[in-house]
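So, here's a batch of structures to check.
Below, chain A partners chain B and then partners chain C, in two separate complexes.
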Partner chain A sequence: MTASTHGQPVSERLSSLWERPRVIDHIFATVDHKRLGVRYMVTAFVFFLVGGTLAGMMRTQLAVPENQFLGPESYNRIFTMHGTTMIFYFATPMLTGIATYILPLMLGTRDLAFPRLNAFAYWVFLFSGLFIYTSFLVDEVPDGGWFAYVPLTGPNYSQGLGMDFWTLAILFLGISTTAAAINFVVTILRMRAPGMAVQRMPLFLWGVLDMAFTILIALPSLTLATLLLALDRTFGTHFYDPAGGGNPLLWQHLFWIWGHPEVYILLLPSLGIISTVVTAHARREVVMYPLVAVASVAIGILAFGLWVHHMFSTGLDLLPISFFSAASFTIAIPSGISIFAWVTTIYGGRVRFSPAFMFALGFIVTFVIGGVSGVMVAMVPFDWQVHDSYFVVAHFHYVLVGGVVFPVFAGLYHWFPKITGRMTVPTLGHGAFWLIFLGFNITFFPQHILGLLGMPRRVYTYAEGLGWDTYNAISTAGYVVLGLGIIVMVFDFLWSMQRGEEAGDDPWEADSLEWATPSPPEPYNFAHLPIVHSRTPMWLDRTPERGGQLDRIEDPMDDGREVVTTSVLDAAPDAVLRVPEPSYVPLFAALALTVAVVAMLVEVYPVSVAGIVGLGALLAVWLWRSPAPAPERVNQIRDRVHLPDVRIAGPHSLGRWGMIFFIVTEAVLFGSLISSYFLVRGSADEWPLGGIAEPELILPAILTALIVLSSASMFWAQRQVEGSADRNPPLGMLRLALVVSLALGIAFLSLQAYEFHRSEFGPSTNAYGSLFFMITGTHAAHMGVGVLLIGWTLLRTWFVSHEPGQRSDVPNVALYWHFVGVVWLVILSVVYLGVRGL
Partner chain B sequence: MHSMSRRLAAVVGALASALVPGVALAHSAGGADGVGVASSLAAEGPGVVALLAIIAVPYVVGVRRLWARAGRGRGIAVREAASYGIGVSALALALLGPLFVPATDEFSGHMAQHLLLMVVAAPLLAFGQPARAFAWALRGSGAVALHSGHRVGRSLVVRAMTHPVTLLAIYVAVVWSWHAPALYDAAARNEALHALEHGMLLGVAFAFWWRVRTLALGPARRQVLAFFLLFAVMFPELVLGAFISFSSEPLYEPHRLATVARGGDPLMDQQLGGLAMLMLGGLAYAGVALAAMLRFLSGAERARSGAERGWEA
Partner chain C sequence: MRGARLGVVALGLLAVPLLSSCTGGMLDPQSPRADKVIVLWWVMLGTSSVIFVFLCGLLLWGLRRASRNSARAREGQLNRDRYLVLGGGIALPVTVMVVLMVLTVWAGRSITEAAGSDAVTVEVIGHQWWWEVRYPDTGLVTANEIHIPSGEPVNILLKSEDVIHSFWVPELSGKIDLIPGRTNSLIIEASHPGEFRGQCAEFCGLQHAGMRILVVAEDRDSFDQWVQEQGEPAPALNPADDAQLWEGQQAFLGSACVYCHTIRGTNGSGTLGPDLTHIASRQRLASNMIPNTRGHLAGWILDPQAVKPGTQMPPTQLSADQLDALLDYLESLK
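Let's turn to the complex of A and B:
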């Protein structure tokens, strides 16, 4: 390797840049995707073991009829926490963890696009998990089922703190999941190795990209659903309360509009893992690459047209549900394409029957069975027969264990040597696989039969002599075998971590870039960032002309924590930028949020507000300074990176993208809110409900004028900055524009506060009042954030100096402000104008 | 291939003339049920024929001139001309054809008509390069006007208006507004409003697809936007379709009256219409985006060399 310009070997120089010497910094301030990825995986695996233990308690209870091991109350709590844990705290974070670890390595870069956001997302996930499990300590455990149907979970039928723990924990966790999704999207779109055009993206990256997009579009629906439930429970609103004009079916629509895509959110990266494992262990590229990649996108899209198939038995009309039944069958097409592609690849490959590969095979078998029972329950008459029976339990365990857990285990076995530097013990791995595979099938296959025999799900016990005894006993025995398999696997991991054989860089002779690094990788991943010329760079790029090595950027890029960004489709390098240093701010921000959430639970609202204010202050600090390259470095880097057309960019090029995808997910949130308004309105006899007068229009007209003017002045501010690529913007003009926007924004908020104050109805009057205040209030909250952002930007004009063309705060804040303005126009037409007989 | 343009012109002409009797028929059929909805719809007939002529004739003239000068298939490809021809036919089919009769009293028929306008006719017309053909048809002063229009296209306002996000917002606003019961009912009772409804739907859909096409043919960083635009427009369509199909009561008074008068089930009719929008409408956008994506990914080798020539020595 070449020597750095800094007079020390490149590896030493990079290590000192990318890693802090103090242990305490590693623990609390790290932003290294590898450390955070491992933390995600370990934390999620602990939740898996806890959720699995809960499952064991249920299987023990159901092993024999009329068992007294668990009472009905404990049983309700346990199945609720089992489902919640496995979906929210194991499956999603585990896949997030694998992606966090692997993504930058596979992309040939040094970290994710937003490393501090990544740390923040991890801490929020951890604290949310700890938060929901403290419910066991105070004996107020959620017991309304993992999908928390109203009215059972509403204020009238679910007293105590249990479901409050649930709603707050899910809201809290949503922040983490959204942050991770934005991070993944921007990283995959903008930080691929030069030359890794979309046509060359490994299928795993397609899977993660599709997952992240699906999260951004689906998750707001769950966020809204739980937020409305929390408000119904705590503040007496009537969103789901038919007595107050609300609609309980709204919960099911909102929940499943997220819930069905959630299955694919988990499945898509899992399919990507399978493609990775099949490629490496069948030693052959997956056939029909374009079709498999497009199939993955198609699954993500179809996901949004299927939610109603969870609601066949809710009394919806037959014609619509028949269509949704037909639509549900179509998902078999892209899944089938993928399955056939893998089978064909394996058939023509030189297969290495490693434990990772065995789990991939196990996935194919199990997932196909789950798919077949899925086609069965997609048929409306069949679904009516087996709905809420053990057939459905069997079906979704085949889909989720087969489609997610097996791929996750395949991935863990596949990447274990990369992460730890050591090989697992093949005998133990195979033993674990067979125990898990057989144990799983013994546990869940009989549950199909139990369902057909009429055993309902979520019952804590059953009478003798219904023909269910034997199957339940077999199922519990299967659990024991499955559990043994997990124990063997954990033992294998723990033992191999210490004493396994040295793995070397590339033990599988695999195709993708993560295997070009040492095992475990250095803190900076690549001393020289790779350039990619094919879909399988480790196989095809290391030609004799390149001396058997990957093509690399000559410059070690060690003037700071530097990475290259590339264009979205072609991955042509377009900028060099610096990623942030380790920081304690993400941890403190997550703690502030935790304080706010806990205070909300115990209804000490001043503390909640303090927590939110603290969070805001920390975020202002977080975003205050951007690690742009120092001026004197700029030309130096430009000369030394031997790639034409590369600009030196501040973080704004990525920040802009992050803002755009944040706005996408916010737009979906408002869309869901407006849709909820229409749904409740559609089921009401009169509108507004309860003789409330239609809103008058003078005040909204003034509000609209204010918001349009403020958008115009923000646009003016933007022009000051954007017209100045090679000089500093005229600060006086910029400040004036910002002050005007700020004043208009504050005027808007004050006027709206006045409107709220003199209103004759409140959020708890009836469902109309709830929706009116929810929609305008959510918008006002966004306005408030916007006002703070403008004020923050204004402050920065005095305290933070920017290089010409580097001022990114104004355009980003302006983008957010315009978005909030457009949302107001929608609210104006729906809530104020549209209420008049439209 | 050689006689393509002539045949095309013949087909368009024949379709237009063959459908004129259909208009009269629809008119009488519509008037017969006495609800008073159909008559207003049917009166559109002559105007539609005129509109079709305005859309089709200059195009045929322009293409013939262009091809006479530059050679067949040059400037405007044969498949682009064919696409435009099919688009005009779809328009005729939607506004004058068999769908027209059910559209006057059935909601589902009317939705099929809208789908034909927005996801069949509009993209086919947009794909046919009408601006170029019309410039050739007008020549002289007209072409100059179009050319200056091209320059206007670079101004800030026009750029803002044709920005993909703006077009998306306008598209969604127009589609949602015209399906709001009050506006919809008003349009069904007033022929001028109804013509405006169809004109606006066709207009925004044409603008949308035209933008998708220009983005898809543009530089790589713009192509991504074409995909996002197609995916983004799908979701509001899905939600609107879901509302209409899950509504527990008939939303559109004229169709309710007409269907009840025929002894049909108005709710089922409405559900069918909503589902057509949800499934076929949603599917059309996703299908186009996925097909384009498949084609893009399959062209790996070509793109590879092209991509790298840009930045690699």
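Let's turn to the complex of A and C:
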């Protein structure tokens, strides 16, 4: 046992730093990725059981023709909530949970980049799930399908609160998903163990990284779609309303630009789990690693070229949809590479038939069926037949159950010993696998045929004598087998948690760093942070020269909750950071947001505003002071552990990276909004609609001048901070620059308010008005946030002192402000100049 | 491993009878345009099966080897790995894609090939939850039952009055959506006379399942005759000669029926529900949910919610005599 610099044993010292003694702190204030990861997994699994029960009710109803078990109203509610639950509240959070737990361990670090954000994301997910399920208590359940096509879900055809629950819950949850994605990207890019260069990253990390990027680029489209729907429903705007000049197909474009990539958002980390499980249980590294890693990236990129294949039957022209058909094919190449890489790996490996490996095998077989039926539905003429039929239901269950649920189960069986410290019971695991695998196929294979026979999706009943009866009955019987398998699996987990055999650190003799920790891991993960020299450190790094141990940073990094950050490509250590302490602020922030959302549902807007203000105040507290090690401490580490490039965390800290990816996702949001403008404009006979005059240009010219000047003054403020790495910034000049920016920002907002006030049309006049106010209003809201951030930064110049070179708030806020300025220039050219044909 | 092999064999055994026993629907096309899709389907199914069997075989063989492999002797594997991954992951999908893309363009073109200028045009307008059917050439209006001449391509124009619906008659054609604010088109062609069922394929609310449609293809002469008959207004009634029918007509005009339904030749000209001028000529009621018999018609009029929960048709209060007369009258509207 190494002695710490503080005179007590390292493990004791680290434990006292990384764990609070009070139970209540564990429950409500924890920021430990392992606790939060388990919470994510358990919560998501409960949603899985609920969603599965809903599926059982549907299968019961459809078991025989003309069944009276459920009426149309209940059936429509149940299939809506089944899809919503499985996609939003099971699949995404379950994978998020696994990644939350595994990522820091596999990376060889002690927590995620933003631990408090991680806690916040979990609470928001939980509250969003509870929120949408309260719709059952008040008997106002969403019933417009998880895809919520307008106009059926619009104000004219969907009365009651049902779809309001849905839109608000999805918007609410989006905050959690985005937060998790930013956290994963920054963690993987900046917190890998020293030496874990990109070409040494385990494939699971590639999968999670690709997933997180795909979320950041795809999710804004869903956010926008649901936001516009909520506005149409509540405030009478006309984005989707053909009578007001809107376009119902806009919803389908926005929904599927997110919805298709969502399949890959779920698939990418799942493929990563399969690579992990195949490597560990075939005891051989996945062959052609670079190609498989590139395939994972390629899937994430190609995912964005496919959305129109959900819209082949909307009457678009044959030529453009043929393009999307060909594009859909191309995804077969990276998928094929991955599949053949695993099969080849197994072929030359030394296989251990553990339950985890069985689920990986089940995945390969099932996913191939889902893949080939996917190629089939990408063929336009065939899709015209089977689109929205049970063939498609079968296809995407093969992809999502085969491609996501089986890998999740494989991952749970694989990492169960690490998480609980105990082994599962192999007999139960194999029994569960065979029941689930056969039950799944018996349930869903016949549904292909039902589709070919003409059975459409989403029907609560069907007539006798169409040849559908037998297949439906078989399908329902399969559900029972599948359900039994799930029960056996749950029993296995619960029993093994208490009484399973002791697992030891590394029961699978696996390749990656999580197996270098005790099972379950200590709160601080690693007593000494590892340094890696190969792609499979547990296999290749523990050479006799290193005494059979991993290479490591000798300093235990126990002067506070310390971690090392590394460079993006080479993973060379570049800074020492402190991880934030446990905090109640994330929980309270999530609660404030919940209050705001619930108040929006019942249309008590003052309470909503109060909730948002509360959230803002909590965020200001949250970000007020970031922990950083003292400069002497960094020098000490630099000298003692021979990491000559290690610096103090400053503008290059993780927050900067977080801001960059936040801006990426915001840019996509504005991009989607501008695209929506052009889509509606393209389907309109005149523009602006309804004889509205084109906007005048004098006011926008003044607004542009204000925004450009404010950006310049923020740049000036930035120079004050960045130009002084070795001395404290001249505070007077900094404050002056910030005050000028603040004043210009407020002037902008006041003038824009004046423009809105004197406008002859409103957001509910027609679709042009809706879009005009939506685009300029969203931008103004961002300006408002920017003004608050500048004010907050200004306050901090008096109250928070920084070491030289450490002030990261000004550059981060400036970056955001420049971004909002650039967005304005785009708006100016589209909404003000473009409309005149300039 | 034996378990894995048994499992895959069981799966194969399950698939064979399931696939070979299915007939009807899109697998039993009754249209020269739906035929092409079937060619595409069998080619795809064949290719997919070969790929699937090959992969499973490779996997099983690999598992057999891999459970015996020792840690040694992995030399010379590198080339084989590379051939398998590049061949299976790149060469195979690219080849399959090229073949399928050619087929899909061929099928797509012939399906969308324009009909001649003299082709019959039918306008289908979706409502929650029934189909309005109009023949713009002759001004004829009916509902839920489309008559077309067999052996000729027919233009179908698709519109919606409310939400998105989708027109799908699998034996004749793939589906195209009915979208408010847009007109989509589809060409269908029945190769011989017959009746072909279909139903709405885009979720459209409570009674999505109950929005069914029937296409009746008949030879040109019968079709022309049908058009002529359907074009006639309802016969004028004289209270003295046809007292019972006249009573029935009064029941129709004097009750809530008239607000939503049209019977040409009377004052009834509501447009929210189907045109009833020739209701007795239709085979089924309630958007093809129930047969068009006297008993079903009576049940439908008195308590539509029991037949089709959620339907927008309200129940109608009638005395026994009124109902009897109304049924006689409606049954006379051939």
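One rule holds for everything that comes next: the second predicted complex is superposed on the first by the 825 of 838 C-alpha atoms of A that agree within 3 Å, B and C clash if a C-alpha of one lies under 4 Å from a C-alpha of the other, contacts with A are read in each partner's own complex, and residues count from 1 in each chain.
We take it that contacts are C-beta pairs under 8 Å (C-beta built on N, C-alpha and C of every residue); 3 or more make two chains touch, one makes a residue touch a chain.
All values derive from a computational prediction rather than experimental measurement.
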TODO: Could you look at A:G682 and tell me whether it touches chain B, chain C, both or neither (first, second, both, neither)?
DONE: first
Open item on the list: Between chain B and chain C, whom does A:L291 touch in the aligned arrangement: first, second, both, or neither?
Closed with: both
TODO: Decide which partner touches more residues of chain A, taking chain B and chain C as the two options.
DONE: C
TODO: Please work out whether A:N76 is in contact with chain B alone, chain C alone, both, or neither, and reply first, second, both or neither.
DONE: second
- [ ] Name the contact category of A:M376: first (chain B only), second (chain C only), both, or neither.
- [x] second
Open item on the list: Taking the superposition on A as described, I'd like to know which of chain B and chain C A:A753 touches: first, second, both or neither.
Closed with: neither
- [ ] Please work out whether A:G195 is in contact with chain B alone, chain C alone, both, or neither, and reply first, second, both or neither.
- [x] first
Task: Doubly contacted chain A residues - partners chain C and chain B - done: 291, 683
Task: Residues of chain B that touch chain A when the two form their complex - done: 169, 180-183, 220-221, 223-224, 231, 234-236, 238-239, 243, 245-248, 267-268, 271-272, 274-275, 278-279, 282, 286, 290, 293-294, 296-300, 303-304, 306-308, 310-313
Open item on the list: If we count contacts the way the header does, which residues on chain A are in touch with chain B in the complex?
Closed with: 194-195, 197-200, 217, 289-291, 293-294, 297-298, 301-302, 304-305, 316-317, 319-320, 323, 327, 533, 535, 567-573, 642-645, 668, 671, 675, 678-679, 682-683, 822, 834, 837-838
Task: Residue numbers on chain C that touch chain A, as the complex places them - done: 1, 3-4, 7-8, 10-11, 14-15, 18-19, 22-27, 34, 36-37, 40-41, 44, 47-48, 51-52, 55-56, 58-59, 61-63, 65-67, 69-71, 74, 77, 80-82, 84-85, 87-90, 92-94, 96-97, 100-101, 103-105, 107-109, 111-112, 128, 158, 162-164, 166, 168, 170-171, 173-177, 179-182, 184-185, 197-210, 212, 309-310
- [ ] Over in the complex, which chain A residues touch chain C? Could you list them?
- [x] 71-73, 76, 144-145, 149, 151-152, 156-157, 242-243, 247-249, 282-284, 287-288, 291, 295, 313-315, 318, 322, 325-326, 329-330, 332-334, 336-341, 343-344, 346-351, 353, 358, 361, 364-365, 368-369, 372-373, 375-376, 379-389, 430, 434, 437-438, 441-442, 445-446, 449, 452-454, 456-463, 466-467, 471, 683
